[in-house]
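Next come the structures, one after another.
In the two assemblies presented below, chain A is common to both, partnered first by chain B and then by chain C.
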Partner chain A sequence: MATNQPPTAAPRDAYIVGGNRIPFSRAGKKYVNASNQEMFTAALEGLVARFGLQGERLGEVAGGAVLKHSRDFNLIRESVLGSSLSAQTPAYDVQQACATGLEAAIAVTNKIRLGQIESAIAGGTDTVSDAPIAVSERLRKALLEANHAKTLGARIRPFTRLKPADLAPASPSTSEPRTGLSMGEHQAITTAKWGIAREAQDEVALNSHHNLARAWDAGFFDDLVTPFRGLTRDDNLRGDTSLEKLSKLKPVFGLKLPEPAVPTMTAGNSTPLTDGASAVLFASREWADAHDLPVLARFVDAETAAVDFVHGHEGLLMAPVHAVPRLLARNGLALEDIDFFEIHEAFASTVLTTFAAWEDEEYCRTELGLDGAFGKVDRSRLNVNGSSLAAGHPFAATGGRIIATAAKLVAARAAETGRPARALISVCAAGGLGATAIVESA
Partner chain B sequence: MADKYTQAVNTGFTRTLAKRLGLPRPSLLRRHTPGAPLTVGPVLVVSDDASVADADVIAKALLGWDLDVRRSAESTAGDEHFRWGAVVLVLTGAQTPESVSGAVLAAGSTLRRLAPNGRVVTVSRAPESGDAPAVAATRAGVEGFLRSVAKELRAGATGNAVQLTGGAEVDSASALAAVRFFLSAKSAYVDGQVLPVGPSGAAVDTAYWERPLEGKVAVVTGAARGIGAAIAKTLARDGATVVVVDVPPAGEALTAVANEVKGTALQLDVTAPDAGAKILEHATGRHGRLDIVVHNAGILRDKLLANMDAAKWDSVIAVNLASQLRIDEYLLGAGVEGLHIVSLASTSGIAGNKGQSNYAFSKSGVIGRTAATAPLVAALNGTINAVAPGFIETDMTRSIPFATREVARRLSSLLQGGQPVDVAEAIAFLASPAAAGVNGQVLRVCGQNLVGK
Partner chain C sequence: MTGGPASDGRRVEDLPGLPGLGGLYVKGAAASATKRPRPGGVTLPAVTYRVPGVATGDPATAARLRAYQDLVGEPASDVLPAGFLHVLVFPVATALMVRGDFPLPLLGMVHLRNAIRMLRPVRLGDVLEVRAWAENPRPHRRGVQVDVVAEADVSGELAWRGVSTYLAKGFQVAGAPGSATAESAEPSEPVEARDFWTPPLPTGRWRLDAGTGRAYGAVSGDRNPIHMSALSAKAFGFPKAIAHGMYTAARALADVGPAHRGEAYEWTVEFFRPVLLPGTVDVAIRRTGGVVHPGERPASGSSYVYDGWRPGKDTRHFTGTVTPLPLPPKE
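Entry: the complex of A and B
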C-alpha cells in the first residue's frame, strides 16, 4: 500500500460540539411537501436553539444535497439566510453523493485545524419526495433551441422533430451513469462475489432496527433530533421487526445474476429512499470554551478513497474498504483500538462485504497492499445505536447523523470508563467513492 | 387578542347596540408596552390619620416613577372631565374599624372619575397572631373591602391589595414592587387579589425597572407553546437568559421559542428522574448560573372520577405535581442560592372543577407544596410562589365547547378571559429580585373569577 505520512501535527484540533437532525422520513410520506432548503433550515434552527447560536457569526456552514434543483445553487447559504444565525455567516455547497455530509465535515474541520476558522456547521439534506424532475434530453435541446430562435417559425421548428416519448419526464435515479446499473444491482454483484448469505444480511438489518429503537426509547436522541412537520421519530424504524418477518421479504436486487448467484437483497436489508436533513456543530477548543459549550469529541482524521468499479475490478461500494486501513495506519491504530464502528448501511451486505474483505488474506495483500488480513471487526461494536437500514438514508444527511451519534457515543463511553474512546466512521458512496473518519472522545 | 364578543362590544355599531341592550360590556384591557406610562392618569394617595407617614413614603416613591401624584382630590373636584389613573389607599397604621372611614370614603369619591384601566391599590398590614382583636378586625376588614370594591369597578379597572406581613415596611423593595405591579398594565388580568408581602431589602433604584431580570438565568418548563412560550418571552423581555424546556416531541415549537428569545432549548421530559440534574447542569454549564425556575409544564386528562383510569390519573400527577417536587428537591439539595421558583397552579385547584379531580389534586397540591417549600427556599435566600390562572385564552381553552367557554369567560369581574401574557407578567414579577419578600404565596390571575377565593 502507499505509505501515508503520519498526520502532520495540525496547529490544533477540531471538536464536535453536538448535532441536530430532523427525524428521517420515508419518501412520499411526512415530508412530501418539504424542500431541501426547508429541511436543512429546520436542522440548522434546531442546532441554533440547542446551543444558543442566535445571531452568531460562524466561520462557515458547509453542506449539500445529492438530489438538487438547479435553483438551489446556493442551497446552504440560502438556508443560513433563513435561519437565526448571523447573516454574516458564509456558506457553500458540497456534493459527494452519499458522502456529502462527511466530506463537508472533513472540509470544515480541516479549516478549523488550520486556524482559518473557529467554528463551523457541516451537514446535508436530501429529499426524494421533492426531487427535481428534468425533461428528456431531446426536449431539453428543443426548448433551448427555441429559446435562442428569432422568428416564430424557427421557434416552432425544433418541436416538430420531437417524438411522443420525448415528452416523458426524466426522473432522478440512483443508476450509475457509466454502467447504467442501479446501486442495488451493483451491490448485488459484490454480494454474490463475496458469497454473503441472506440470513447474515437480515441479521444486520434486525440489529439496526432493534438498536435504533432502543436508543430512541432510552432518550439517546433527545439532544440529537428536533421534530419536523409533526414527525417525532424516524418513520422507517420498525422496532418490532423480527428475523422471521425479514426472511419473508422477496429479493429485489440481483434477480438476473447468472447462476450460481442466489438473490439475497430485499427491501428489508436494503436502505429505503428517505427524506431528511442533519447538521453538526464543530469548533476549536478556544471557541467552544469562550461560548461555554462543552465538546463531545475530537474529529481526529479522515481519509477518502475511490475504486474502479466501472471495469468491474472492484465493487461500487467498496471504497471505504481501501480508505480505512490507510486511515488507521496513519494514526497508528488497529481495528481493536476502535470502540464503535459506525458503518453506513447502504445495504446490509455493504457492511458484510466490507468485513469479509478485511478478513480475506489474499484480498488484503493484493488489493490493499497489506501484509495479511486487515482484521476482524468485533460485531458487538457495530452500529450500536442503529444505522441507515433502520433510520433511513437521505443521502447527504447521513454523514451528519453518524458523526453526531458517534461523538455522543465516545463521550459517554469515556465518561463511563475514564479512558479515551474512539469511533470509526465509514460511508460508501456512488461513483465508487468512500469517506472515512476517526472520532475520539474529547 | 381579545375574544370576538369583547371586540364587538368595543367597536362601531355593535358597541352602540350592546350599550342600548344593556349587555355586559367587557373592556379592552390595557397591557404593558415598553416605554408607555405606568398608569393611565394621575394617582391619588390617601390614608387614614395613623398612616400618613407611610402614605408619604409611597407618594414619594411614586413621584420617583415619574407619576403625577396627588395627596388630595380637592383641586379636581369641579372638573367633570378629569380622570384618575389610580387610587392608592394606605391603611397600614389603622388600629380600629372606626378610624378608616374618612380615607375609604375619600377613595370612594374618586371612583366615578376613575379612568378606564384605572387602578385601586390598598396597602395595609395582614392580621397576625398577637394582634389585639380590634387591630386584627381592622386589618382583616380591608380584605373584604378590597374584594368588594374590585367587583364594583368597571371598564378594565382593577382593585388589588398589598398586605404587609412580618413587620415589612412600606419603603422596602418588595412592598413598592408589589404596589408598582398592581398599578401597572402588567397586572391587567389580576383583580380582587390580596398579596401578602414580607420583609425585604431596601427599595431598588429607578434604572432597575427597565430590565428587572438583567443578568438572570431562567428555566421555563412546558415552554413550547401557550402560556409557557409567553412566560419565556416575558422573562427574556425583562432581561433574563431563558432556557426553554419541553418534551422531545414538542421540539419543533420549542426551537422557535428558543430562537425568538435568544435562549437555549432543552428537550427534556420533566418526569425523568434526573430532570433536576439536567436542568441545573444545562443552566450552569451553558449560562453560568440558575436564578429562576418556572414550573409551567402541565397536562390535562379530564374524566369524571367514576370513569377515571390509572393512566389518566397517574400521568397528570406525575407531570403537574410530582415532577416539580422532585426537581425542587434536587435544586435545593444542590444548594442553589437565591432561587426564585414559580409554579403554575390553577383556579381549578382552588375551587374544584367537574371532570378534573386529577388536575385539581395536582394543582391544589402545587399550592400546598408552595407553602411548605417556602421556608426551605428562604433558608437559601430564595422564594417559591405560585400563580393560579383562571380562564386564559389558549389552544387548550379553545377546545372547550362554545357555550361552556362563553360562560367561563364572562364569569369574572373583567367579563373576559385573560391572555397568556397576563400569567407571564405575574410570573415575571414574582421571579424578580424586587419580589424577594413575597414567599409561599399564590397569586391568582383570573380577572376576579367568581369561583373560589
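Entry: the complex of A and C
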C-alpha cells in the first residue's frame, strides 16, 4: 500500500511490565457507589503494590473515562494524588471512547520509545452505575443566562420560560450524536450487511465465557486482578452457559430493520454495561532492570483508524478492519504471524464482521486498497482467555485489561516454545474509531 | 401596492415588506371555505408579488437564523441555509395564495414536493429582492397540482429559487374537463411508486417530540394548525399533529452539511405520508456516485439521496436529494 511507509526505527523499545485491574461488575450491582476516581485509584494501588512502586516518581500516568463528570477534569492526576505513587508523578486524561485505554498506552509507550520518559502507567476506568447526569439543554441555558444576569428580575426571567419537562435530567446515552442510532443499532446494520448468523454470534459468546472461566480457574488472573468492594471475579461471567441457553435469548437490537434483515443480536452476544478500572505498567528496559522487574512483552507498534460511518458507507465499529492491515504491513507481518488475536468483543458480531471483511476479496480491494482478501484468522487463536462478552466492558478500562492479558499470553507462549510470540490487539470505538497494536514477547 | 413591469405575462405587484404570516392564515382560513372546484377549472392569477428590499442584517433575523440552525442541526454560520431562505420568503408566496383570485384553498392543499436551488451563497446582511408567483397548473390523479415559485436576488443576481408543488384535491385544470380522473401527467408521479417501496438499511434515527411542530412553527412562522397540536390537527382530519415537511427536509440537508453540499446546491424533497408527532423516523442519507478508493479524495462536493420512513414499517414519509452545483464564475 502506498500509504504505508516502512517504520522508522524508534530509539529504543517500550516494554509491558505487568497489569492490574479490579474485577469488572455489571452496572447497578457491586460498584453502585464507586466513583471513577475510586475505581481507578484501586486499580492503580494494586499495581503499585504488586511492583513495589510506593513513593516512586514515574514518568507519567495517562488514562481516562468515557462517561466523565466535568468535575473530573483531572481524573487521572487526582487518582495519582490519592495513590501511594510519588506526588511528583505527572498525569493527564485521555478520551477516545472505548479505545481510551489503548490510546493512552500508545501515547505513553511512544514517550518511552523516544526517551522522554522511562516509566509510565496507562489505563482507564468507567462506571455506568455512577454516571454523571446532566440537566436538559433548556434548563442549562436558563441557568447560564441567570448566572450572567445582573439584577434579580433578570436572574428569574430565564426560569419563567421553562416547562416541567425541562426539569427532567438528561442521562448519558450510547447513541451516536450524528446519527441518533445506538451502538447496538449501528452494529445490527453492519451485521445485516454482512449477513452474520445468530448461531455464529452465540458461539463467539459461548467461547468467551468458557475461555474466561477456564483462565480464572487456572489462576491466570491471580496476578492481574485486585479484589474490590467484595468482588473477586468478573460478575458477568457465566462459565456454565451453553449454546442452548444463549439461543433462547430474544434479540434486542435491529428489531426494526427492513427485510431481509433478521434480528440476531441478543443480550447474550452483546456486551453488557459494566463498571471497572484497569492499569498497565510500561517501562524502558533500563528502568525495568534498575528496578529489578522482569518484563513480559514489548509494545511493538500501534495504528489507529477512523471510518466514514455517518452516511452508512462503512459500519460504525469497522475502523480496526482498516487499521490492522496497515499495522501488519508496516511491520512486515501477515495474519499467520499472529499467535493471539485479542479482538475486543463489543458485540460478538463485531468480531465476525471484522473477519468476514478480511476474507472478502472485493471489499479488501475497494475499501482497504489491498490486492485481494486480507486473510483468514485462525479461530483457535481468538480471545483464548475470554474477552468483553464474558468479562464485561467498562469502556475505558477494556484496553488495559486486554494489554495485560496479551502480554502474559505471549510471555508464557515464548517461555513454553522458546520462540517469540505475538499478539494483535484490536479495539473498536464510538465515532467510527479504532485502535490496534502489536505486542511481542520480550 | 404599486404596479410594475410585466414578466411572462404576469403583472408585477410590489409589496412594501414581508407580510405577517399570522394574518395571512386568518385570511387564508376564512377564504378557504369559499374556494371550491368550479366549472371551467383552475385559472391562476397572472400576478408576481415582489418585495424589493428584504434586509437580513437586523438582530431579529440573526437571532431567528440561529434558532433555525439550532433546531434543524445546521452549524452556526452567517451563511443562510437554503431552508432558511425558504421560510424567509414563505410569507410572500402565502400572500399570493390567499388572494381572492387565487382559486385554490390555502388550508387543505397538500404539499407534494419542493425543489430548491441555492445558486450562490446568501449571507446575513445581504439585501434580497424576493418574487413569488404561481404557475403550471396541471392534472394530478386526485385533483390539480400547481407550482408556487419564489426567487431571491442579491445585488441583481439570482441567488435562490424554490419551487413548491401543491395538490388541491378535487379541482380540475382549465379546459381539461374530467382531468381529475385522468392519468397522471407527470412521469415522476410518486403515488404509485410508494406501493412498491421497501426501505433501505437506515443510517440514522430521529426522535421527534410532541413539540416539534411548535418549535419549527416558531422559527419558520408557519403556524399552520395541523402542526401545532393534536387538537388543532384533528380539526383538519389528522389524528395527531404532523411535522412540517420542510423541517424533515431541512434536517436531511443539515445532515449532509455545508462541507459536503458546497456553497451552491440543489435540494429536493418529495413528501408521502405525514410524520405524526411525537414520532420516530428512520432515515437513510446516502452518498451517491462512485466509491472513493483508499488514498483518493472525493470530487469536490458529493451528491446525496435521502429517505425517511417509519421504523419497522414500509410507511414512507419522504425522499429527496442534495446535489452540489457549480458556483457561477466570479466577476
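We take it that the second predicted complex is superposed on the first by the 440 of 442 C-alpha atoms of A that agree within 3 Å, B and C clash if a C-alpha of one lies under 4 Å from a C-alpha of the other, contacts with A are read in each partner's own complex, and residues count from 1 in each chain.
Note that in this section contacts are C-beta pairs under 8 Å (C-beta built on N, C-alpha and C of every residue); 3 or more make two chains touch, one makes a residue touch a chain.
Predicted model, so just to flag it, every value in this text is computed and none were measured.
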After aligning the two structures on chain A, examine chain B and chain C and state clash or fit.
fit
For A:32, select first, second, both or neither according to whether it touches chain B, chain C, the two together, or no partner.
neither
Taking the superposition on A as described, I'd like to know which of chain B and chain C A:149 touches: first, second, both or neither.
neither
If we overlay the two complexes on their shared chain A, which of chain B and chain C does A:249 touch? Say first, second, both or neither.
neither
One more residue to check, A:367. First (chain B), second (chain C), both or neither?
second
Can you report the vertex angle at chain A, computed from the C-alpha centres of the three chains with chain B and chain C as the arms, to the nearest 10 degrees?
150
So, A:311: does it touch chain B (first), chain C (second), both, or neither?
second
Once the structures are superposed on A, label A:193 by its partner contacts, choosing first (chain B), second (chain C), both or neither.
second
With the two complexes superposed on chain A, say which partner A:46 touches: chain B (first), chain C (second), both, or neither.
first
Note down the smallest distance between any C-alpha of chain B and any C-alpha of chain C in the overlay, whole angstrom.
45
What part of chain A is shared between its chain B contacts and its chain C contacts?
none
Note which residues of chain A are touching chain B in the complex, please.
42, 45-46, 48-52, 54-55, 84, 219, 221-223, 225-230, 232, 292-294
Given the complex with chain C, which residues does chain A contribute to the contact?
1-3, 178-181, 185, 189, 192-193, 255-259, 261, 310-313, 366-369
In their complex, what parts of chain B are in touch with chain A?
248-252, 254-256, 258-259, 262-269, 272, 285-288
Chain A-facing residues of chain C, complex
198-207, 255, 282, 284-287, 291, 293-295, 304, 311-312, 314
